[in-house]
Amino acid sequence: MDVWRTAIAGSDATQMWLRGRPIGPLMRSATFTDAIVLVHFGRLPSPGERRLLDAILVGVIDHGAGAPSCAAARLAASGNRQSISAAIAAGLLAIGDEHGGAGANCMELIAEGEALARKDGLSIAATAAALVDRAIQTRVRLPGLGHRVHTADPRVQVLFDMAGEEGLSGTGIECVRALEREASARIKPLPINIDGALAAVLYDMGFPSSAGKFIFIIGRVAGIAAEVAEEYARERPMRIRIPVEYDGEPVRTD
Amino acid sequence: MDVWRTAIAGSDATQMWLRGRPIGPLMRSATFTDAIVLVHFGRLPSPGERRLLDAILVGVIDHGAGAPSCAAARLAASGNRQSISAAIAAGLLAIGDEHGGAGANCMELIAEGEALARKDGLSIAATAAALVDRAIQTRVRLPGLGHRVHTADPRVQVLFDMAGEEGLSGTGIECVRALEREASARIKPLPINIDGALAAVLYDMGFPSSAGKFIFIIGRVAGIAAEVAEEYARERPMRIRIPVEYDGEPVRTD
Amino acid sequence: MDVWRTAIAGSDATQMWLRGRPIGPLMRSATFTDAIVLVHFGRLPSPGERRLLDAILVGVIDHGAGAPSCAAARLAASGNRQSISAAIAAGLLAIGDEHGGAGANCMELIAEGEALARKDGLSIAATAAALVDRAIQTRVRLPGLGHRVHTADPRVQVLFDMAGEEGLSGTGIECVRALEREASARIKPLPINIDGALAAVLYDMGFPSSAGKFIFIIGRVAGIAAEVAEEYARERPMRIRIPVEYDGEPVRTD
Amino acid sequence: MDVWRTAIAGSDATQMWLRGRPIGPLMRSATFTDAIVLVHFGRLPSPGERRLLDAILVGVIDHGAGAPSCAAARLAASGNRQSISAAIAAGLLAIGDEHGGAGANCMELIAEGEALARKDGLSIAATAAALVDRAIQTRVRLPGLGHRVHTADPRVQVLFDMAGEEGLSGTGIECVRALEREASARIKPLPINIDGALAAVLYDMGFPSSAGKFIFIIGRVAGIAAEVAEEYARERPMRIRIPVEYDGEPVRTD
């Protein structure tokens, strides 16, 4: 078999390291958030970046046991108490393009918008209008805009304020704001949601669009773990019954 | 690295085989159920065993979308439509001692009962009485007995009848029936459930208690897969909302 | 919460059923493979269809512990012996477009070929040539053709022979054979592999392309389960070490 | 259906909160590590506790692609590129009592040791000697002691030093050190490993033994995510072949 190669972590008889940095000094000086950036992107964040990333990770950790990720984890915990990691994994598996994935898609849209603006010599506002036009014509939802429940998600403004304070507000936030303005004018009120906000902020820090997914997953796993712990502590095994109605072929009596 | 060793399947430039049997003839003559027995236990089932195993696999394939395994899979499918295997895996993760695991535990109880009966020269009925006594004293539930919903699970009698027809009814069925009789007399009506029935039948075919879990999992995965397909076909992404109530620390206003 | 609706399985106080068929008679007369078709497609297979489906399920159950699905399951079993379903799920998660997914993609290619042939009044052979041309130009691999290891997979001919014997050989097999002929003539020897063979046969039985994934998954889970059982029985926990080489940033000494 | 109840997170039309604390102020002032403690234990850590928890989370994030958790994730990523969360979940499923679980078990051993010491009026050192005696007699491995590779894990001393600096060194560290001393004297050199070190430190901060598993999982998921990202970026799909040798029944030729 070929040897597996990695540039993330290594060790020898006396040392261990992440991206070439010895683990001891890292443990002394780096926060968990620093290390997340280090293993993913090979560098440590600036203080302002760390603050924004902490805010994003805190913001996505959990917002209610009914989200598919939390509910799937609790159902798995209800039927299988032998493995904590199994229950957390079940929750993780509910995360995809439809749940937690809009951030990465929104980062790609921002990147496309910026490239278009540059190519055509347009403003971000004009480009956003073009992107909204296209979404209307192709009947595709704009990732990062719109809520089911919250009319104004309190997390959005906090993130944008913090980005401003840290001097890290750039094209990402400008673009998402322009998309919100244009879409709300032409379609219906479509406020920026948490996916759009974290997409804008991660984009302005220079992270690739895949970061939209990874950061959401890493943050949410901590919340899923807490949901699993609460399920174990508060509920009896197999307690959960979902109300189901059969509406298929009539039952045969022959 | 050490080479990995396996006795299950192999191949060379022109041949493939399972447990030493070339795949071509197997595909021609073996059913899927035959092959399940072959890869797990290294032999093919007799016609009667095959019939009973088919009955068990059919019997556990699905009994409603609200079971934790099916519901967890549908929640994962609702949030993550990119990977069918991810949704099925989420359902699988809900299977454990509390959901689908009572069969294996009941097989161990039967084995213990048979060993006790032999050691002490007792009848199975007397041994069952002793096991029920112990369960009452230690307040441990008897695996394989009792229902939440069904007062008489239609699958139980079918399995026992078929075992009789095939001449495969033995100590397992005798023991589970005795446990039902004793427990119902001393505790409350505790009819044999599907876990108890499949445990008895698998035991009487000579399978190890781990088969109680594997057979349930293999059968149920087929049903979970159908649930995932139905979720994709009938429901919109992220359609599922579980009603949740927050009952923790009051929200701070300072 | 809205009630969940399903047409797959249901039960009331005395009955249980799959697709409207009471479970008792099904357990008596249906094989596991019958029930797989029933829960997925709402009908029972003909005897010939059942025979072909059994052959496919037997054929994909396992072909070696080194496949990503089997190896991932064994690694999970090595680190987490508390949950059988967790180890099987880990194996399942390695199944995707790149592993086990070519069947579904090949079924879509066949459907496209048949539609093209009909639309343009061409023969399947001529259409296959056009599809190969396009694959060459777009540098996209043709799903269902080519092997890494086996020069002639013994499973392919068996499946095609059986389809002929059962009178179930149709456009699917014709199309895959034509693709093999054209691709091998213009690119390099590209024999039909198991994915291509099962795609052709499932297509000729009238199943939707998603069946290519579901059938593979359902069959393979049985093999993964056997791999997990063997890992538990033969190996010590945490026995597996993969040879890894660090090739990233040099270790800092400052 | 019963409503699901949770004390972790909630929201209404204008607010969202974790454990009663509004999300906006939390995002502004709490680190990710703070929020992990908050959702799990309902309180914020002290600065010293936060520093130690960061050190633990950084210390377990990754130590090489060959660990079962990382390798299983990379295998899943190799076969299934459609779902990032599926690959990460596969890695997570390899975490159990045998991989990442010794921390929780060691915390339970420390708790047992402290209870014994109190009950019998013994010193921690004397209790540790008794626990080592028992482990020798029952031939059970002492969780938290011993290495496969590293003779001295650099992370252990760093954690203990930091605990001393923060005034958080207590019975946990005392007990693990005593176990190391006694076990090394009577069995063989058995240095404290990372599981033992994090167990001691988490114990001394007053966390329940389940924290040993949750904290490991939360930290490791970030490393697994980086491994998956590297697999996507550096390797071709299905690149991985594990060397396997068939050693089962000879292939039949009849």
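Letters A, B, C and D name the chains as they come in the text, with residue numbers starting at 1 for each one.
Going forward, a residue touches a chain if its C-beta (ideal position, glycine included) is under 8 Å from a C-beta of that chain, and two chains touch if they have at least 3 such contacts.
Everything quoted here is computed from the prediction, not taken from an experiment.
Of the two interfaces, C-D and A-D, the higher number of touching C-beta pairs belongs to A-D.
Because chain A and chain B carry the same sequence, their contact can be compared by residue number, and over half of the numbers here are used by both.
With centres set at the average Cα position, the gap from chain A to chain D is 24 Å. With each centre defined as the average position of its C-alpha atoms, the distance from chain C to chain D rounds to 37 Å.
Contact with two or more other chains is made by residues 1, 4-10, 15, 22, 64-66, 71, 80, 82-83, 85-86, 89-90, 93-96, 240-244, 246 of chain D.
Taken as a contact graph, the chains are fully connected, with every chain touching every other chain. Against chain B, in their complex, chain D makes its touches with residues 1, 3-10, 15, 17, 19-22, 42, 80, 82-83, 85-86, 89, 242-252. By the touch criterion given at the top, residues 1, 64-66, 68-69, 71-72, 75-76, 78-83, 86-87, 89-90, 93-101, 237-238, 240-244, 246 of chain B touch chain A in their complex. Chain contact summary for the complex, chain C toward chain B: residues 1-2, 4-11, 13-16, 18, 22-24, 26-28, 30-36, 39-40, 53-55, 57-59, 61-66, 71, 74, 83-86, 88-90, 92-96, 149-155, 157-159, 162, 210, 213-214, 217-219, 221-223, 225-227, 229-230, 234, 240-243.
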